[in-house]
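Report on the following structure.
Chain naming follows the written order as A, B and C, and within any one chain the residues start at number 1.
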């Protein structure tokens, strides 16, 4: 089992506030890994560090064995690691299909590719992915006109369009109607099983993450608190205390 | 009306206008030439401002550099500079038609190359700025270059330089440049139309809608931004070369780098017509140019005041512009769907 | 000493920016208007030093007018809209001043002399000294006002968090109006002094706007002492540049400096993978 992502001893502070202290996690290829912790425990900061949004203070991050902590966001994205945003970010003044088209992988894009038109296959793939997330009938609408939940699905579809090897999902079920959550979990599992995409998921919804993840890391106050299989984490007293203590 | 017939009729109609308007109204040839030039201004501004979300107040630098490059090449080619050390405004170069056109052509090519390189180099530092910082920085750039040009003796320093005199044998300068600018605006329009239909267009829009997201998805944002500015620079340099020769006289602050007039109008026209749309800048430029001529003839000195007022009114009360407003009102007619489309 | 005036204008600009998130391109034109007040007073036999009191009052009204008609509507929109709106007002004012006052340069005759030290090696114009003193006094009054008065505190609260301020019962609209008008008044006072020390003409406003902007971004929006230092620094730098490169390059220097500062800042931030917000 090879490690797709290795985070080793990563620390990051902002001003005087320590957001992450000496965090280490491993994401094996093909798995679904969960990242939980009460609000303010540093989960999103860790995500931001991994995707290159800011430089690290200390530590190393390796993707497919290659050190990426000194790379820029677009470079890391082109290596095959994408993230979705907590607030859900899509291109509001373009149609859903266009959002998908522009999310094509940019890995081999040379200079001449900039001026090419999109071949039929791209549009077909875009439409089939939109179908996969249930947005096919809305494909020609402006992305900005969709509801929040629909935008989240679009963002997910866009990520799939980009053929990532590793997808970092920041609270994918936040703000979604509870009746639709099962559908989303199902799609995440299928993306992992059918498309072979490794997932690292931040979640607050315990039911979702216990159902989804094969291995879970729990952060609290910027540090690693516990890790293990869902059943173990659920019963871990430290984790329970951290959540209860946070309220 | 059949949608496939419409463009042909429209384009054919415009072609007729382009050919016959200056012939029908010889007294207005310069204004007609300028109208086509204004449309070019608005279209080139819209690449960065409307499509990409980077509002530039400094595109005028390409206009001026193109202007000076073309005029300088003209002088360099046909006159031994060794005799006179500077190209001063006292000196009027008389050329034969062949020499004039050749010199102008070569000058424009040199100017275009120069401007594209300039855009690329400036882009390295300036396109990294976002939002309002980009706007203000380009504003500063526009003024700085203009002031700087006013101190270069080679091109006449503050007193400016004269472009070669339009050869009498070629007829009216107004007519020549009416066609020149018409060809330029048509070339610009169709080039951009094609460009926006490729990935390039979507990439620009993505950068506008959410640049961070575009980066996070692996888009080569720097590449696209730079090319966009280079494209704008390219077409503007031709406009500058043409205008310098049409005007006959090149002054650094009033003719070549007029940030307070052309520079600002570029922005206003595109917004007035509807930024981010293909016809918006065209409509906006025509409306603006006609309005401006009207103001000039009726309000005289107060026309600039009226234009300042116009900027404020458009920006505050009418930010979508004409085409933007039309799209909101009749979305279906512009292909913007508001209902679902099942398979 | 000249820098003190730049610092005043910069302080006003930073105030409006911090409170309302509006970059006021009209800043320079307010300064010039203040200058014209001084000119008009001087031409009518009143000593222009009184303009330092009169101009702010007039400019407060003008600022208030523009706030109610235009600024109010663009405060909540994106920064570019407010930028363009204030830019439009600045062009409007420029052309209006050109029509009304003519394009010639004007100055306000003050009749102050110069003091010479060391046998005339070092000369200090009295007016510049007086202006510097006035600027400092004005600055001091402003700081006190912002710290102690109710309106001043309301302004600072709104700058920190507009929504919270609103919940606390502060009428943000009134605060915005007061801030904008106050800024115009500050510019007016500075302008009155400018007319006495140098000249005014309708198109000189943009340079002042850019100077104020540069100082504001170097010093940071909340940093008063930074603004003063940066303002003085800019004044010195400009004089130096004018001395070395020649007077005709002075304006090019200011704008060129702006570009350099912005690009430089962007580069430095880029190394931390941030960008200017």
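FYI, contacts are C-beta pairs under 8 Å (C-beta built on N, C-alpha and C of every residue); 3 or more make two chains touch, one makes a residue touch a chain.
Bear in mind that the values here come from a model prediction, so they are computed numbers and not experimental data.
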Touching both chain B and chain C (chains): A
Comparison of A-C and A-B by number of C-beta pairs in contact, larger one: A-B
Chain ID, smallest distance between chain and overall C-alpha centroids: B
Most distant chain from chain C by Cα centroid: A
Averaged-CA centre spacing for the pair chain C and chain B, given as whole angstrom: 33
Whole-Å gap between the CA centroids of chain A and chain C: 47
Centre distance in Å when chain A and chain B are each reduced to the mean of their C-alpha atoms: 43
Chain A: positions in contact with at least two other chains: 72-73
Residues of chain B touching chain A in the complex: 195, 197-200, 202-203, 205-206, 208-210, 212-221, 223-224, 227, 276, 336-338, 340-343
Sites on chain B touched by chain C in the complex: 55, 125-126, 128-133, 135-137, 139-141, 143-144, 147-148, 150-151, 158, 260, 264, 267, 271, 301-302, 304-305, 307-309, 311-312, 315-317, 319
Residue ranges of chain C in contact with chain B within the complex: 23, 70, 73-74, 77, 79-81, 83-85, 87-89, 91-96, 98-99, 203, 206, 210, 213, 248-249, 251-252, 255-256, 258-259, 262-263, 266-267, 270, 275-277
Touching residues on chain C, where the partner in the complex is chain A: 272-274
Chain A to chain B touching residues, read off their complex: 51, 72-74, 77-78, 82-83, 85, 89-95, 98, 101-103, 105-107, 109, 111, 113-118, 136-142, 145, 158, 162
